[in-house]
Amino acid sequence: MSVASDCSAITSLTGRFRTTRQRMLALCEPLTAEDMMVQSCAEASPAKWHLAHTAWFFESFILREFLPGYHIFDRDFSWVFNSYYQSFAAFPEKRLRASFSRPALDQVLAYREHVDEAIEKLLDQNPDPEALRRIELGVNHEEQHQELLLTDILHAFFTNPLRPAYRLATSGLGAPGLDSETWKSTAQGITNQASSSPNGKLPSPRYLNFPGGLLESGHTDSGFSFDNERPRHRTWLDPYRLATRLVTCAEFAAFIADGGYRRPELWLSAGWDAVNANGWRAPLYWTEATEGAAPESSNDWRIFTLRGNLPLSSLQNVPVSHVSYFEADAYARWAGRRLPTEFEWEAAAETQAVSGNLLDSGLLMPAPAVGILPNHESAQPSESQLFGDCWEWTSSAYLGYPGFKPLAGSLGEYNGKFMSGQMVLRGGSCVTPAAHIRASYRNFFPPETRWQFSGIRLAS
Amino acid sequence: MSVASDCSAITSLTGRFRTTRQRMLALCEPLTAEDMMVQSCAEASPAKWHLAHTAWFFESFILREFLPGYHIFDRDFSWVFNSYYQSFAAFPEKRLRASFSRPALDQVLAYREHVDEAIEKLLDQNPDPEALRRIELGVNHEEQHQELLLTDILHAFFTNPLRPAYRLATSGLGAPGLDSETWKSTAQGITNQASSSPNGKLPSPRYLNFPGGLLESGHTDSGFSFDNERPRHRTWLDPYRLATRLVTCAEFAAFIADGGYRRPELWLSAGWDAVNANGWRAPLYWTEATEGAAPESSNDWRIFTLRGNLPLSSLQNVPVSHVSYFEADAYARWAGRRLPTEFEWEAAAETQAVSGNLLDSGLLMPAPAVGILPNHESAQPSESQLFGDCWEWTSSAYLGYPGFKPLAGSLGEYNGKFMSGQMVLRGGSCVTPAAHIRASYRNFFPPETRWQFSGIRLAS
Amino acid sequence: MSVASDCSAITSLTGRFRTTRQRMLALCEPLTAEDMMVQSCAEASPAKWHLAHTAWFFESFILREFLPGYHIFDRDFSWVFNSYYQSFAAFPEKRLRASFSRPALDQVLAYREHVDEAIEKLLDQNPDPEALRRIELGVNHEEQHQELLLTDILHAFFTNPLRPAYRLATSGLGAPGLDSETWKSTAQGITNQASSSPNGKLPSPRYLNFPGGLLESGHTDSGFSFDNERPRHRTWLDPYRLATRLVTCAEFAAFIADGGYRRPELWLSAGWDAVNANGWRAPLYWTEATEGAAPESSNDWRIFTLRGNLPLSSLQNVPVSHVSYFEADAYARWAGRRLPTEFEWEAAAETQAVSGNLLDSGLLMPAPAVGILPNHESAQPSESQLFGDCWEWTSSAYLGYPGFKPLAGSLGEYNGKFMSGQMVLRGGSCVTPAAHIRASYRNFFPPETRWQFSGIRLAS
Amino acid sequence: MSVASDCSAITSLTGRFRTTRQRMLALCEPLTAEDMMVQSCAEASPAKWHLAHTAWFFESFILREFLPGYHIFDRDFSWVFNSYYQSFAAFPEKRLRASFSRPALDQVLAYREHVDEAIEKLLDQNPDPEALRRIELGVNHEEQHQELLLTDILHAFFTNPLRPAYRLATSGLGAPGLDSETWKSTAQGITNQASSSPNGKLPSPRYLNFPGGLLESGHTDSGFSFDNERPRHRTWLDPYRLATRLVTCAEFAAFIADGGYRRPELWLSAGWDAVNANGWRAPLYWTEATEGAAPESSNDWRIFTLRGNLPLSSLQNVPVSHVSYFEADAYARWAGRRLPTEFEWEAAAETQAVSGNLLDSGLLMPAPAVGILPNHESAQPSESQLFGDCWEWTSSAYLGYPGFKPLAGSLGEYNGKFMSGQMVLRGGSCVTPAAHIRASYRNFFPPETRWQFSGIRLAS
């Protein structure tokens, strides 16, 4: 990690801490206490739990250990808001979180304030470098839960028969630190795009060549990273090509119309089982506008987003999202392409500045590519969709890098114990904080996962 | 049904309607909007859903049909708050009710007010007798949901790791229409009982003889009843005996201590499967006070109630509650007795006035028997526990009486379609409104159900 | 029970024992050792297991206890072939029976011979009356397993993609003690019936009146009975009517064609759940002759039987079989009738001689009614279908009669512990030995069961 | 692939074909027709099905296409014995294979003869090179099923409560082409080993250094390989160390005794879930010799093998087998090591001749290491256990190599569609034919799989 114990580093960390903690509250602004109770699928947690658990993280791994005389807010919270750290304390089953009507939201907010004050106090005391490293980890942890909170609320509101919108399609987010002007013009762009060309659809994606070779992958140790991004290590890559943008909703609708969900030859065996067991016929959040219409012969889908339930016709060029690895893989096979490996992706992204449609844009949904992935020597990264919009499924299984070492103690459970049965995703999404993402960042989910903002970039 | 369309009948119905609707709100007073979101088991619904569904019932079956010019509050609610009336409209899966953060509690309360005003208006118009019959049905329906609301909240609070109490053990209910003085003295009684005799336990129950014969069972058609209580019909009963009180917690603890949950010969085959599949070792809501103590060799249980988590030692003479039919049946076999049939029960109760520890006492938990079931000619019913405390499992399967006819139309789905795989319970519980219960009343649940206030009376 | 310990009684029991044991082998004649390994659903057991378990019953409950010096055939068999007697010994999970390739069939046959010789030896010794009672029980037990063996083989052969026939449609059974001439003429009748009238279908069933009253039900204690048929006791019956024959395949096809499986209002709630969870669209063993044809608009079903896969067109008047209680109940509701109670059925059957299309006819499938249920004073019972053809679902839950006492010891587990969640069926089927059935006989299965030869008689 | 269409190549292939087909029958010699019906877990198939499916493979992919005038043995078999080739034909659900009592074993053997004759006829006709390539594939396919047949029979016999042995511990296999002398001396070695040193246990394994570097992995295209071993491609390996032998039963028993199955910190998250969901406390086929003894404090395990149920005390130095990936990974973490990647393993094995305890030894169970893994320049491979004994779990997920292309047509479903959620195993086992295995061979199973002969080699 990168935190030096000098004054400017502490000042910078303090700022980052405050921004992050405040944004968490800002994200909850459109939500009622009732909304913050909902846990609508196995992957999700209630928003109130996210608020409490992120405070718990600071209390459990930093304040209890590094702040002399720290007063624990409530002893019960120590195990109630533990997520999965077996070596720290017992914890309630995840599925029970929907029953945590107590503590009330007010108490959770008081818990956060209590923790905030204590962390500020600790930062004032020129603390141990390990404390600073852990605060930085806590900030990154909270950023992850900001993303999860929005991901979970999208599912919660989709599950609600009334299908409420988190934000109306035409409004800015209006929360501190979020640029509502940017959003408004982008949203305008989405709405107008369909009329900008004869049929309104983007041309086929271009593919850029990458030479490969014996490259280095993984975090360079400048700045923060998670343990699973390290150590930097060599990998050999054959020459490869990457699409200059993500697959769009219109393109994915063509896959559906071509019988994509009914042709076993396009699917991995486990994927075909998942299609049939779950009755998948389209990405999550796609519903048929007209009850009873044969969906494959029509364009008549509606897509539920944090901005409401929008017609496919207005989202033709928006990247398809909320597809499983199985769907991404089947789509690639149908298109005669493949998914990139995580190392191919990282080599392409490593030279790019982090920029794109991330949480900070306030858009809260993927946006059409407005350009192309440039030659990687003269990057204009905002046009490549490498960062933001959707997490990109790679064909790499989530495993430890050669020489991987988890953090010591309970924090070693953060990433390492999940290195089985999951696939790597890269690049962040429209609900990832910009400060949180980087080229070496590895996200990971089981291949059947669809509740995430997960999309498709083709390779060959 | 019994409602005549004369003025006094309407006045009486109006009063009953108001009382019932107000009590529903009073019961929610100790709950936050967050509490009212929790749905912690398959049988339960969130409290807010109970509030909304009972309004939906009046709107759907009465106002839409009988009040000219009635303005539907919100078209979406027509299906969102339908429970299971297939022939009325589609409805969301029951398990999704926990995601109904919208409509917000305020909107649901406004919905209730809207419906209240419309019903009052209808009652002012000297309506069709069928409308009056349905309003009476709606009142009874709401009373059922009052009981369910409390039953569900008990489960919700037990699921919460913090185990909050709905009401503290020493406080009155403080809600309109509930007699907090009665509660206080009774609660005092519970606390004091242990010291009133050498070991503080009740002596073995006495058994009263009943002659049986060719009797009539079922509702007499004077006053309201559900369709499943009709028609009154003849049944033959051999002479039988009934215990004068319910089985107590101390008695059930002796069953546990004698290895009751480990002896297959005491159990029905399906019951033994349930014991093993669910790991049952005690009634629902019983937990071991001392982690790791062998529970069978100790008295060291705690029992979670709406009044908090209380030690078994202070509840020795309180009727055991929250047992399944399988546990009731196994206990009876262990005790060398049997459960009564619903007709045996009804013949004993029919001559008694309805009185006992019902919702109106405000106790909200079963109370010790303070007397005995009297000779049924000179009834002092409050001492028999026939009404209130716990629903009593009978050995009768829930089936239609000879000549049973469900109500016409959608309301025919109210009771009849559940006549499969369930057992009859009789007598109401400590959360049943006194106005709601009667000797012919038939409750019914699957034999593995434990979330109900369900207890045991022995017969032989 | 009825066995007196005099010589003629012993002689008669010996004859019954021999006949029963030999018939078990005769039933296995069309089967290979491989066929006898198959266990194709949760209800079924392999044929070889039936052979072994019935020997085990005699060894465990009679020979070990009553034959001095009896040599146990193989100690391992004592628990391997125990079915469910918890108090006797441990036993393997039922689903594992398909793995019992060892002991080989030859060893099982040797086990049977060993047991046969020992029972004969015991019978020669003028044994204890209790031994005789248990041998009689063992014979009845084996008859039950003969029926189960054929029921299970039907399911096994239906599961096999090759759909082999147990017996060809045009052949006699050819087994000792079975009348193949009877079968041939009856089978001829089935084939010819369609041409015997304009549309070949039976007219609507007639209904006979029964006066009801305060009747006695249950076994009279003359001859053998199971514990669950006793004690004889009084029941009150209102006047009722019973159809003179069972519902036919053609009639049930009309229910299907009328959308019976798609109309929730016709079904019990648990039944509707079962329809949807299992995708039921017709009785078990009905398949569409033409792949892709809309089954409801056609008569184009094939029905798999022990005689092969036959077209509905040749089985129009044959009683529908292999329906669940839920389907029987829904059919009755659709037809504007109801199912009879077990007491109504018994009162009608009690005056009839036991006669009908039972196992002894060798037909092995239900046959068309050739007459009507006569006035119950002048019975010609063979024409009523009360006995044989199909077990008849009643609307009575399977519970103990007033004063019911299970047998002592392990044998008490025979019937009593299943008195939960099951419905009573009456009358035996085309695979029930004639010597086994009687008017008081109670069979019982969970309401979703379809693998049995279970059919429908209407009442009103 | 490698088959040239010259005479000597055809002669050699003919010999390989005959040997393989005959060995399949030899493996079935100890089995009865009843044994060959058993399918005791989801992974397994009945032995008869293996016999039939391997014939089906030759018929479906070779004879139908390449032998003019070929007479299909039985049209029904075309879909009944299809395993999973969706694009070839429909197929029955895998779990139904236990119901295939018909066709009888005799018919399946006749099917095999019919196919054998036709293949010999085709080989006589100097066929198309593609036909030869597919015959070679068919031979390799049949070798895979030989291994599966033995793996499945081990599970079948373990499931049988009688626990029969496939071969007695002291007998040779006595089947054509299997060297029973080798087996006898090896078996003797197992029995005697315990007395060869003070406590009879092997010393800790040595670790050999490998330099790594930019190496090539994958099949070299000389000789047969499966599509998933190609193309050969470059990978970068950091220097690494490999244990000279597999982990033994004694070593794994020490892991158990140290609480290995009760310490979540040793396990992957999904592994810990599997431990708890399945109640794992030891490898599959380990049972406690003494009922009720605390297994962790004793050496008192018995291990079921194809040679019977043997005490751990006589298998101390035998490699532990039938562990899941999760158990292998947890053991490695406990031992302070890790599992090798598939590329590390292949680089070590590539220079070694294929030799070891494979099917051809006739031992049918893992054997103790009798030497050490040599310096890879001067290999004595029989002492390294790299080939044979147990498949070795690697830490590599099963994915396509860069540029992977599945076979064309239906055969493309052979390997590629399983590239999700599985881990790679290397090296073959004691039931793998020696002719079948090679350094580039990739086996693959889901991480929870235990029915395979799967063991552990440590790396660091």
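In order of appearance the chains are A, B, C and D, and numbering begins at 1 in each one.
FYI, a contact is a pair of C-beta atoms (placed from the backbone, for glycine too) under 8 Å apart; a residue touches a chain by one contact, two chains touch by 3 or more.
Note that this is a predicted model, so its numbers are computed, not measured.
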item: Per Cα centroids, the chain farthest from subunit B; value: D
item: Chain centre separation in whole Å, for subunit D relative to subunit B (CA means); value: 60
item: For subunit C paired with subunit D, centre-to-centre distance based on mean C-alpha positions, whole Å; value: 46
item: CA centroid of subunit B to CA centroid of subunit C, Å; value: 40
item: Pairwise chain contacts, counting only pairs that touch as defined; value: A-B, A-D, B-C, C-D
item: Complex interface listing, subunit A residues touching subunit B; value: 32-40, 48, 76, 79-80, 92, 96, 98-105, 156, 159-162, 164
item: Contact footprint of subunit C on subunit B as seen in their complex; value: 84, 86-87, 214, 233-236, 238, 264-265, 267-272, 325-326, 329, 395-397, 399-400, 402-403, 413, 417-421, 447
